[in-house]
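Across the two complexes that follow, chain A remains constant while its partner is chain B and subsequently chain C.
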Partner chain A sequence: MKKFFLPLIAFAALVVFLAVGLKRDPREIPSPLVNKPAPAFSLPTLVGDKPFSPADMQGQVWIFNVWATWCVACREEHPLLVQFSKTQHVPIVGLSYKEIQPSDQANGPLSDEVKLQLARERSLKFLQKAGDPYKLSVMDLDGRVGIDYGVYGVPETYVIDKQGVIRYKRVGPVTPEVLIETILPLIQQLDKPA
Partner chain B sequence: MKHILLVVCLGTLSWMAQAGEAQPMAQDPQVEARLVAIAEELRCLVCQNESLASSHAELAEDLRREVRKLIREDKTDAQIKTYLVERYGDFVLYKPPLKPLTWPLWFGPFLLLMLAMGGFWRYMRQRRQRIPHHLNASERAQAEQLLKD
Partner chain C sequence: MIPELGQFALVLSTVIALFLGTVPLAGTLRHQVVWQSLARPAALLQFVLVSFAFACLASSFLSNDFSVKYVAEHSNTLLPKPYQFAAVWGGHEGSLLLWVLMLSGWTAAVAIFSGSLPLAMVARVLGVLGLVSVGFLMFILTTSNPFDRLFPMPADGRDLNPLLQDPGLVIHPPMLYMGYVGMSVAFAFAIAALLSGRLDAAWARWSRPWTVIAWAFLTFGIGLGSWWAYYELGWGGWWFWDPVENASLMPWLVGTALIHSLMVTEKRGSFKAWTVLLAIAAFSLSLLGTFLVRSGVLTSVHAFASDPARGIFILAFLATVVGASLSLFAWRAPAVTLGGTMGLVSRESFLLLNSVLLVVATGAVLLGTLYPLIIDALNLGKLSVGPPYFNLVFAPLMVPLLFVLVPGTVAHWRQARMSEVFWRLRFVGGAALLLALILPFVLGSWSAGTMLGIFLGMWVGLGSLQHVLERLRKPGRIGGSFWGMHLAHFGMAVLVLGITGVKSYEVERDVRMAVGDTVTIAPYTFRLAGVEDVMGPNYKAVQAQVEVLKNAQVIEVLRPQKRRYFSTAMPMTEAAIDSGVMRDLYVSLGDALPGATPSWSMRVYYKPFVPWLWAGVLTMVLGGVLAALDRRYRRNTNQQALRTAGEALSGSA
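Our next item is the complex of A and B:
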């Protein structure tokens, strides 16, 4: 009897391991940035001349959302962000990540001014059409700030607390479930007066 | 998720189509040699089974640019790896560091091997005890009795 059950148990264990492995998303890599201060930067914004830096948000809980108009999954999550911005008072800052793609420069490299102008035009057009959930958007044309934030698959979303510490990072589109079950409770908890 | 992958793959494809295979090598061959040596031990975050040296993904291109910059700034290999680990985690290293969290990874296989060898040894010992079983006189008589019936 033991001889018969032993392989069966081993097989069941294997199935459990494989099933868990199948459910896990290999693209979700634990970020070392959670519970670390948000990396500092200073970047031009989508509108206006004043550059933005994360220090400007000191003292409030905010959401940092990495997006681009060429990113299909960003469009998928966009309506949810728009809805969120209408019902919640937590500011979302957008990071327009590498709006200018290599394909835009197929006919030779563009100057930084032209890139910025083109990126702004495209982003504004998109936001006018689809709605603008952002308090403001910053333009990360060469993706350097993206690297500092460990971005590897847009869209990515961060929750940053009053002290400027990253408390949560999400790779891939924010879903209603993630928003309701994880992000909103976290914001509520962080928003409590200390 | 599927969408992102698709975008990344299509993006990579179209990029490859334009750029062809030969990337314009940076000016300094010494920097390039070090870049390749370092990047071969790093994983591309987008195409996870490719090294940073061989990946065509755009992010890999950007990260190579960063590593190149750090090499020019005379950073050591360890400093450059730390730079990437701080941003992307241990996952970027093909050779994971030895720490409590990775102990199962490093020692698990040896533990399993030892367990298997122990099991095998026990099995062999039991077998050795079982096979040379000679019948004694009374057993032999019993067997003969059975055969007769």
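Our next item is the complex of A and C:
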């Protein structure tokens, strides 16, 4: 009576898929931007008056990290970034993403200058308290640069090579495993003189 | 001290569960009556110990003991007391403890209400339940201990996820778990029957009331989840085909097939192997649901923190339980006799058709839920399966199911004549068809889907009504299971009509409103009268006042809120709903919009027939409860059990 074994066989196949699926991360989303040039922009920075654009980083490998003070998961990865910036020479550029949320404007909309000032105050306060891993942070108040980069959820982390090409994208907090197993080897490889 | 006592009680209960899962079962193999008789006290003791552990955790929550890591992560001093208690199951560890509490509760209930069952059967059923408990208790103790301490102790807790701070969510998980875990009783009965090698009508009779009551809980739990999503998520949807929703729908579909198949097995002795397989499948799908939710293999709006170690444990547990059960099935089922013969047209054949349709529907949902995972596992890319797939596949399966439901209730057992069955239903069919043609014009626009939905709803509802009226004219006491069946079917009809109505006639307006602006969805006009700040116990909210006008008269003032809980940055919408018999008026407040005058994005929805969804679900639940409480089970179980007990004793001796 072979037919009575069918449920068992079907279930065994299911378990194999579940076991493989367990090793995958459903949040790891392949980005169409990987291996494409990083979209250009020019945005004001957290401190100073000179705007920043990705072209400024030409010739070196760098990390682009999307963050905000309202983002809970960013706080989770923050200590790791701080530690990274202390031990590694690869610069991290922050993208302060939509720091001013609609709820900040519940009592009416704010002007762009007020927004920028408020966002700077809040971000600086946070970085002073939690440590500043960033070479610099750019202020993407309206989230337009975020749209260009296909920001899916904050935090996000990009590795960009010497030619300004995105080589890696991570959605969600960077974990020590991701850092050690993926990002660091990639950076080493990209950093080799061609 | 109290958390340590709780932990100790959990360890002890694991020992007791291990004892329950081995000694009485060994007793049935070695014919040791004393060993078997230890099953009942062990089951009760295990329940007492798990309840104690649960009470310890609850007391840590109510006393704001943030030295317990789980409490610190899921509670807060500002959290209102009822939510502090509900926060016990607001996270992973506590959910599992609740699960185990329910499991030991069901086990104790079987121990208490099984007086008429043969001792060997009780020992087997309780033994199987004990083994399932061991698995879950080990899971808690090794990967998810809710009593772990946190040092240094924080001054205040992180607060319960604001989404869960809601009366609907306080009772949704317990009800759902009662259903999930209740399926373990049907499973234990099936495994016990396989172990004994005696798959007979008596087994089906014993497990019927248990299965029906578990089904009623599951129905209620799913309904509550849907209701919560409707008013709490703020965009008016009530079913999302989210992986976690699917995880609860699958055991429900199989459970529905199971309660009907059990009836055939009891009454006619047929479909025994199929029924056992359904019982195994219903519980396996409950376990699979746990795996999907707790392991993080799928992304979902129910995104709980996931941990690979937990995933591996549940997968191993799932593989052991289901693998062992299906092996047992493959070994024992070939020996099962076929039971009574059935004609091509008979109540059995209608019920079999429906049970196959339900299983196919479950397969379709399972495939859609796991497809992204399978594709990823095969390295074929990343994708997600959305509502269009499910609607496309699920609805066409429900159409024949609902159609066959009615003849299945009137056809004779063993052999029926198609012409006779449909002659009996000629008025019902005619009336349903007529209403399906007329009602769409009364309600608004006409479409094939609307017509089909109304026809099926009316067909099922009127079919039940006719059956009840016919039965009332005959003499004799009418049993609870008769009323239960028809109430449940009637509830299904109301649900189908509700779904058809809301899908066909809902009007959704996403608008920008400043104070004084109006939106009209005939015959109602919504006017934004004002916006103010309000304070809650642990949140601050912006509250809009929306006047609803009909014929220039204010009939209702709705107050949707946008809440900001102090503990998290996540804003929460609280929709305001005015419910009538035929419709809901649904308003939710969105973000403040930039511009010269202050204005807000608002969702203003007219949702006809939504109350019918909840009424339908509640009626189904009531039907299930009535059916499970039928006196017939208790009375007949006594007589039948004595007879079977005698047979069992003489057979096993």
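General remarks:
One rule holds in what follows: the second predicted complex is superposed on the first by the 176 of 194 C-alpha atoms of A that agree within 3 Å, B and C clash if a C-alpha of one lies under 4 Å from a C-alpha of the other, contacts with A are read in each partner's own complex, and residues count from 1 in each chain.
By definition in this document, a residue touches a chain if its C-beta (ideal position, glycine included) is under 8 Å from a C-beta of that chain, and two chains touch if they have at least 3 such contacts.
Owing to the predicted nature of the structure, the values given are computational and were not obtained by experimental measurement.
By the touch criterion defined above, A:Phe4 reaches chain C but does not reach chain B. In the overlay built on the shared chain, the residue A:Lys98 is in contact with chain B alone; chain C does not reach it.
Contacts of A:Ala40 after superposition on the shared chain: neither chain B nor chain C is touched.
In the superposition on chain A, A:Pro32 contacts chain B only, with no contact to chain C. In the superposed model, A:Ala12 makes contact with chain C only, not with chain B.
Of the two partner chains, chain C is the only one touched by A:Pro109; chain B is not.
Look at A:Tyr152: by the touch rule set out above, it reaches chain B but stays clear of chain C. Judged by the touch definition given at the top, the superposed model places A:Gly21 against chain C, while chain B stays out of reach. In the superposition on chain A, A:Ala55 makes contact with neither chain B nor chain C.
Residues 26-27, 29-30, 70-72, 101-103, 106 of chain A contact both chain B in one complex and chain C in the other. Residues 1, 3-8, 11, 14-15, 18-19, 45-46, 48, 58-59, 62-63, 66, 85-91 of chain B touch chain A in their complex.
Residues 273, 277, 280-281, 284, 291, 295-299, 308, 311-312, 315, 318-319, 322-323, 326-327, 329-330, 333-334, 370, 372-374, 376-377, 381-382, 533, 542, 562, 564, 568-569, 571, 591-595, 598 of chain C touch chain A in their complex. Listing the residues of chain A that touch chain B in their complex gives 25-27, 29-33, 70-73, 76, 98, 101-103, 106, 142-144, 146-150, 152-154, 172.
Partner chain C is touched in their complex by these residues of chain A: 1, 4-5, 7-8, 11-12, 14-15, 17-22, 24, 26-30, 70-72, 101-103, 105-109.
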